[in-house]
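Shared between the two complexes below is subunit A, which pairs with subunit B and subunit C, respectively.
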Partner chain A sequence: MATKKNKSSIRPLRLGSEWPYAPAPESAAIARINEQYELFIDGKWQKPAEGTYFDSINPATEKKLYRASLATEKDVDKAVAAARKASDKYWKKMSPAERGKYIFRIARLMQEQARELSVMETLDGGKPIRESRDFDIPMACNHFFYYAGWADKLEYAFTNRTPKPIGVAAQITPWNFPLLMAAWKIAPALATGNTVVLKPAETTSLTTLKLASIIQEADLPPGVVNIITGAGITGAALVRHPGINKIAFTGSTAVGKLIQQETAASNKKLTLELGGKAANIIFSDAPIDQAVEGVVNGIFFNQGHVCCAGSRLYVQESIAPLFIQKLKDRMATLLVGDPMDKNTDIGAINSAEQLEKINYYIRLGKKEGSLHYESAASLPKKGYFCQPTLFTKVAQSSRLAQEEIFGPVLAILTFRTEDEVIEKANNTPYGLSAGVWTDKGSRIFNMSKRLKAGVIWANSYNLFDPTSPFGGYKESGYGREGGLHGLLPYVSF
Partner chain B sequence: MKKSTNRISVLKTYKLYIGGQFPRTESGRSFAALDAKGNKIANLCLASRKDSREAIVAARAALGGWSQRAASNRGQILYRIAEMLEARKDQFIAELQLQGLSRSAALLETNGAIDRWIYYAGWCDKFQALFSTVNPVASSHYNFSVCEPMGVVAIFAPASPLLGLVSVLAPCLAGGNTAVVLADETKSLCSISLAEVLNSSDVPGGVVNILTGSKTELLPWIAEHRDVNALAYTQRDHTTLSSLKTKATGNLKRVIHWPFTDWSVNKAQSPHLIMDLQEIKTTWHPIQQIAGSGASY
Partner chain C sequence: MKKLLPAVYNPLLLAGPAIDQTGVEERTTRFTKRSIKAASKMQGLLLTLRMIDLTTLEGKDSVGKVEQLCYKALHLHDIFEGLPTVAAICVYPSHVHTAKKALLGSSVKVASVATAFPSGQSNLPIKLEETRFAVEEGADEIDMVISRGKFLAGEYAYVFDEIAAIKTACGAARLKVILETGELGSLDEVRKASQLAIAAGADFIKTSTGKIQPAATLPVTLVMLETIRDHYYKTGTMVGMKPAGGISTSKLALHYLVMLNETLGADWMDPHWFRFGASSLANNVLMQIAKEKEGCYQSANYFSVD
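Up next, the complex of A and B:
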């Protein structure tokens, strides 16, 4: 093998051009999208105080999809007051078992409307329908179902301690997994007896607004969950609000740090789920084809808009040429295009702004001297799209290997020994996740122990489950979401 | 002048404790330790920014060995600290009295500190079993979450000069972290004497580093230092707490607040204090689904 440099023994598959798939589009009509959405406060749809709205577009077509309300300070006030009232009047007083039943209801109603939610998620955010349908939406439903069951069992969760609700939780979600992140935040908060004011990301409000109507349909007491759409100013007003007791934020490390500074003088309990630059490590004894799949899934899942994306690939030197060739062959088969097509592997980049950021890093990588490679897939003319891209000969100190790109761009580095790769993998301010591929069990557990990251995927990547705690070390944030450990951020003792 | 037949007693030089050594401050500065009446008891090192940096470097270097040591062995070392403290009980009681405590209060403080080491010695190989989980994920994976130490913890010690300090240090060490302690300015004597106990108790050098000095001067440097993973603050001054949280943002240090006023209460010892300085790590491992899947054997 070593003599065949950069040449694969397999004829590359080019499904995209030579063997085109017949289009298999999902129907956009399944999503009943309003022209304009108000704010969901105190169980009612209410107009924003300043009467301002903003457009949300479909990033795959650049066409306007709906108008959402821009919540400002007055609306935040109203929402926090509603959440406080709901906490005192209903939610804290309700028996935990009854609280749980409401959350179960939400899970069921979501499942019933799963298809519409999937279509909405894809139209609004640009992710492939296959991912919304098979991952985002079912996982979101499962989170509600999982935490619903905790509501009346909390005294078993904390050894020798009696948990109490904190009060009003302010929650801010990102645009990469809009409904799933709303579920990660709302479900544990409600199960532990808190009430919620949640602000979805500016570009992807749709499924969270749909969730609000599901919550209305589930007949939750008014004000237990409030959804306020808006921009950065909305989020800032929310975290600054003196009436909230807890903040749960998922987003960039830079904004996370601002929130910690902003709330330093307060007693607000804070948890942060921030950026990452995960190492995905391939040892020479790894099952190569499986590992190639894992790397593809690690970096191209959801267009690479994943905080735990395996964006730094470390390949053991002895297999690097073969591995990289196989990876390139596999990349050639990835279908980039219409997110609504069920064949599509890689959909639209979430926004023009994000596309520009990704392109900036691609230009930077070339300038820094790394070798650029992109798949030959043809991109749609309209919409925000990006070729699956990789860089080889990336230096450890390169910004491509240090900074979070949040796009389908993989930086490939090599290593010789285990010690070397541990040191390189940990040499980052982030610590959210890592992947290890090897046939050797003892090595997996050694690596798992030594990698400074909150989630380690052994011979697998990008797996999630409501029962499995997720969250980072170091500058990837603190606190866990999911599982037993995901209850802790929402209780006081 | 006392009679010449009386022996001249040897006074103790109080120094810093860094990397298992007792250096003087590199700055050559000192401040006075005072007794209850305001009389000078001794000179203490006024640690500098550079001393705090040396201490952090030492704590980082010791982290690998300490965190990977067998949990039961950590337990035995913590127990050994208790033994050594018991053996030097009189010294601590005397020092506490010198700093203004009554004999009975000094005795309580010392006994409490010894017992606290014993309490946490026992937790070292047990808390993981209570706080780790095996998670029943829906896919064919073995998924488990374990506790891991946060790393280098900077401790701003409580005013309770022995029991308070031990109550904060013990859960930190039991969980496999290493520590940089800034002793309380007003009653620092016992902190350095505790270093002598640690140094003779099989605690590897660098696992605990103790500085005496000015909080106003050192706290900002330590709170901002990029190689510190967590800050443990024990007093009720909210201005300081808020400034710690702000300064911690550079590398998102975890800020833990343990505002106990009375460290002798039962609530002041708990495995939850160990957990406050732990991260949760989740590992996914595939489970093969070939032969025998679905069979009842």
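Up next, the complex of A and C:
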């Protein structure tokens, strides 16, 4: 029999670099990127009224990628007017089955150009090509396919009621899943007969602009979808515009609050999908090794730039040391680096500003006395990169456990009983998502009833499907996107 | 050689984490997406060759067949200089003597199946007798099968004691314990059988006999590797792993190595701790090596059939 060695004398597993994998860079040349992009208004590419442009860089190289137009009030006016005209003249009047055909056409064209869209998404935003290729782009296509199917079946979605379009929808998307978020917003709006003015995030306009040219190629009537790029001022002008009927916003809770104030005295319909600080809860009877994988996926997916990221890990005390050891060993095999390499697990942080915010929280965590651990991977010299990081011995009252970091930083807390962890998990102003890992079915049902979160994953994390609604409780926002529920914000009766 | 006491059964040995099949499958899919090309591919291919247990386990095995296979073990493809030999030859006990003689003076081990392979449906004295015979004939390694009927009937102590007794009968020979995962029905049972075998003294745990479908799969092997890892975390003792059956292409073998590399790490990337039980894998690896060296694939006729 094996003699039991003193635990501290056991040599750590040698994980990582001894068998280096071959570099497998995707070709950047696949993406045909213009030097400069105009605004897509009324079916045409139009110069911004004030003639101002801004640079967008590749966060992995810090090199300029393209110039985008800065839309101001006059452009917003033009876009909203085009959307209104398109609504009255074509889109509202068109038979639902015809509208469905257009949406199917967009989905197919996206699918045909999926590889180029993936490369663009990665160059512009820094996420690993594996994720753009296997998640963002296919999922975005699926949303168009899914809602295309609803276009002529709305009466079955709302039985005994007559759903009508609400008019012009103003949509603002974030920088973490640019094309996917555009799909989440445009597809249900079109399927329900609305027209759209959409503003992508300032740092990641590229795939949304590419989507505009796909929409042009699909021959949608002019003005049904308008894409205006820009910064905060563009978004503010869009939100304030009296000509819009509905606002759909995905982004930070702070901006969400501003929008809500701004729209307080109007009858603009509003849905918000905001921040989160999700609890990922591991019970001692969980499938441990798969839970480790779920935790890694929950916090390091897309560099942690995920509103539903499992950023608070609650581990039952009896398994905490083993679980943390396994987590550290798993982190040793994560490859951080060039997002265009197919091997890369963790790519570039989206912007210098975001990297600074993440580093601020890492410094704060150390100052608060939590134990800091980061993987030993070497980072590229150029570009915005961050080691996958975790903190142990985090207290419920530390800011690291309370505030959204939006980066690859995991706060690990422990608990003893089910009631205790429910109370701690709900002890946050957010309520977007949660994860529960246990082998016991009854516990899953109990937890999902008592956790205040819009999405609860059991023995899995970060799984998405167009048929499944997504949205939050409390300061994580309201309204649902995806599934049948995702139609509701775009119809009136 | 230190005299080892047989292990003692304790029901607590079976306590282990639940296994979520979907999660295991997702993880193994990730291993298949690593890029293995050029230098890293060559490194992986040569290691694969060194890890092969070149196997013949047929009713029609004869002295002539075994001698030819042993020659192949030592001379994989002499046109290429500097190729390694395989790790071992795996045969029935009646052919251990032949193989031992043919491999004399080389580092290639002789492994013998035993214990009423492949079904394991016999009594313990006969299994012990067969094991001792194989060891006396010169086997360096014994590949035993567990009594799956007893295991599935919940007679864990019986299975445990049987493994422990065979381990004692092995003496200095290393013991590989075949779980025949294709008959166990779920990954939870694979985990339980792995823990049982390790606790009873297995030097290696092995997926399959090759006679039952499915044989080795990536998910089953991952669960077994993770059991080995948990044992290492707890005791600091290394246990070997041998997936067997159904691994016939280089590409698949490299996926297994990626999984090994990212689950147990560099210490296990060695024929002493990891083996492929396979009969046709070697030629497929050789064809890939030829392609890497010469830039094009060669006809299968350039590689010896054994």
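The definition used in the following text is that the second predicted complex is superposed on the first by the 477 of 493 C-alpha atoms of A that agree within 3 Å, B and C clash if a C-alpha of one lies under 4 Å from a C-alpha of the other, contacts with A are read in each partner's own complex, and residues count from 1 in each chain.
Here, a residue touches a chain if its C-beta (ideal position, glycine included) is under 8 Å from a C-beta of that chain, and two chains touch if they have at least 3 such contacts.
Everything numeric in this text was worked out from a predicted model, so none of it was measured.
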{"item": "Contacts of A:480 with subunit B and subunit C, given as first, second, both or neither", "value": "first"}
{"item": "Subunit B versus subunit C as contact partner of A:343, first or second or both or neither", "value": "second"}
{"item": "Partner chain(s) touched by A:439 [first = subunit B, second = subunit C, both, neither]", "value": "second"}
{"item": "Subunit B versus subunit C as contact partner of A:333, first or second or both or neither", "value": "second"}
{"item": "Partner chain(s) touched by A:454 [first = subunit B, second = subunit C, both, neither]", "value": "first"}
{"item": "Contacts of A:419 with subunit B and subunit C, given as first, second, both or neither", "value": "neither"}
{"item": "Subunit B versus subunit C as contact partner of A:161, first or second or both or neither", "value": "first"}
{"item": "Touching both subunit B and subunit C, residues of subunit A", "value": "459-460"}
{"item": "Interface residues, subunit C side, partner subunit A - complex", "value": "4-5, 7, 17-20, 22-24, 26-27, 33-41, 43-44, 201, 226, 229, 232-237, 257-258, 261-262, 264-267, 269"}
{"item": "Residues of subunit A touching subunit B in the complex", "value": "142, 159-161, 253, 256-257, 260-261, 263-265, 272, 274, 429, 444, 448-449, 453-460, 463, 465, 467-471, 473-475, 477-478, 480, 483-485"}
{"item": "Residues on subunit B engaged by subunit A in the complex (per definition of touch)", "value": "68, 130-131, 133, 135-139, 141, 143, 145, 229, 238, 242-243, 245-246, 248-252, 254, 270-272, 279-286"}
{"item": "Residue numbers on subunit A that touch subunit C, as the complex places them", "value": "1-5, 7, 9-11, 13-16, 18-24, 130, 285-291, 293-294, 322, 325, 333, 341-343, 439, 459-460"}
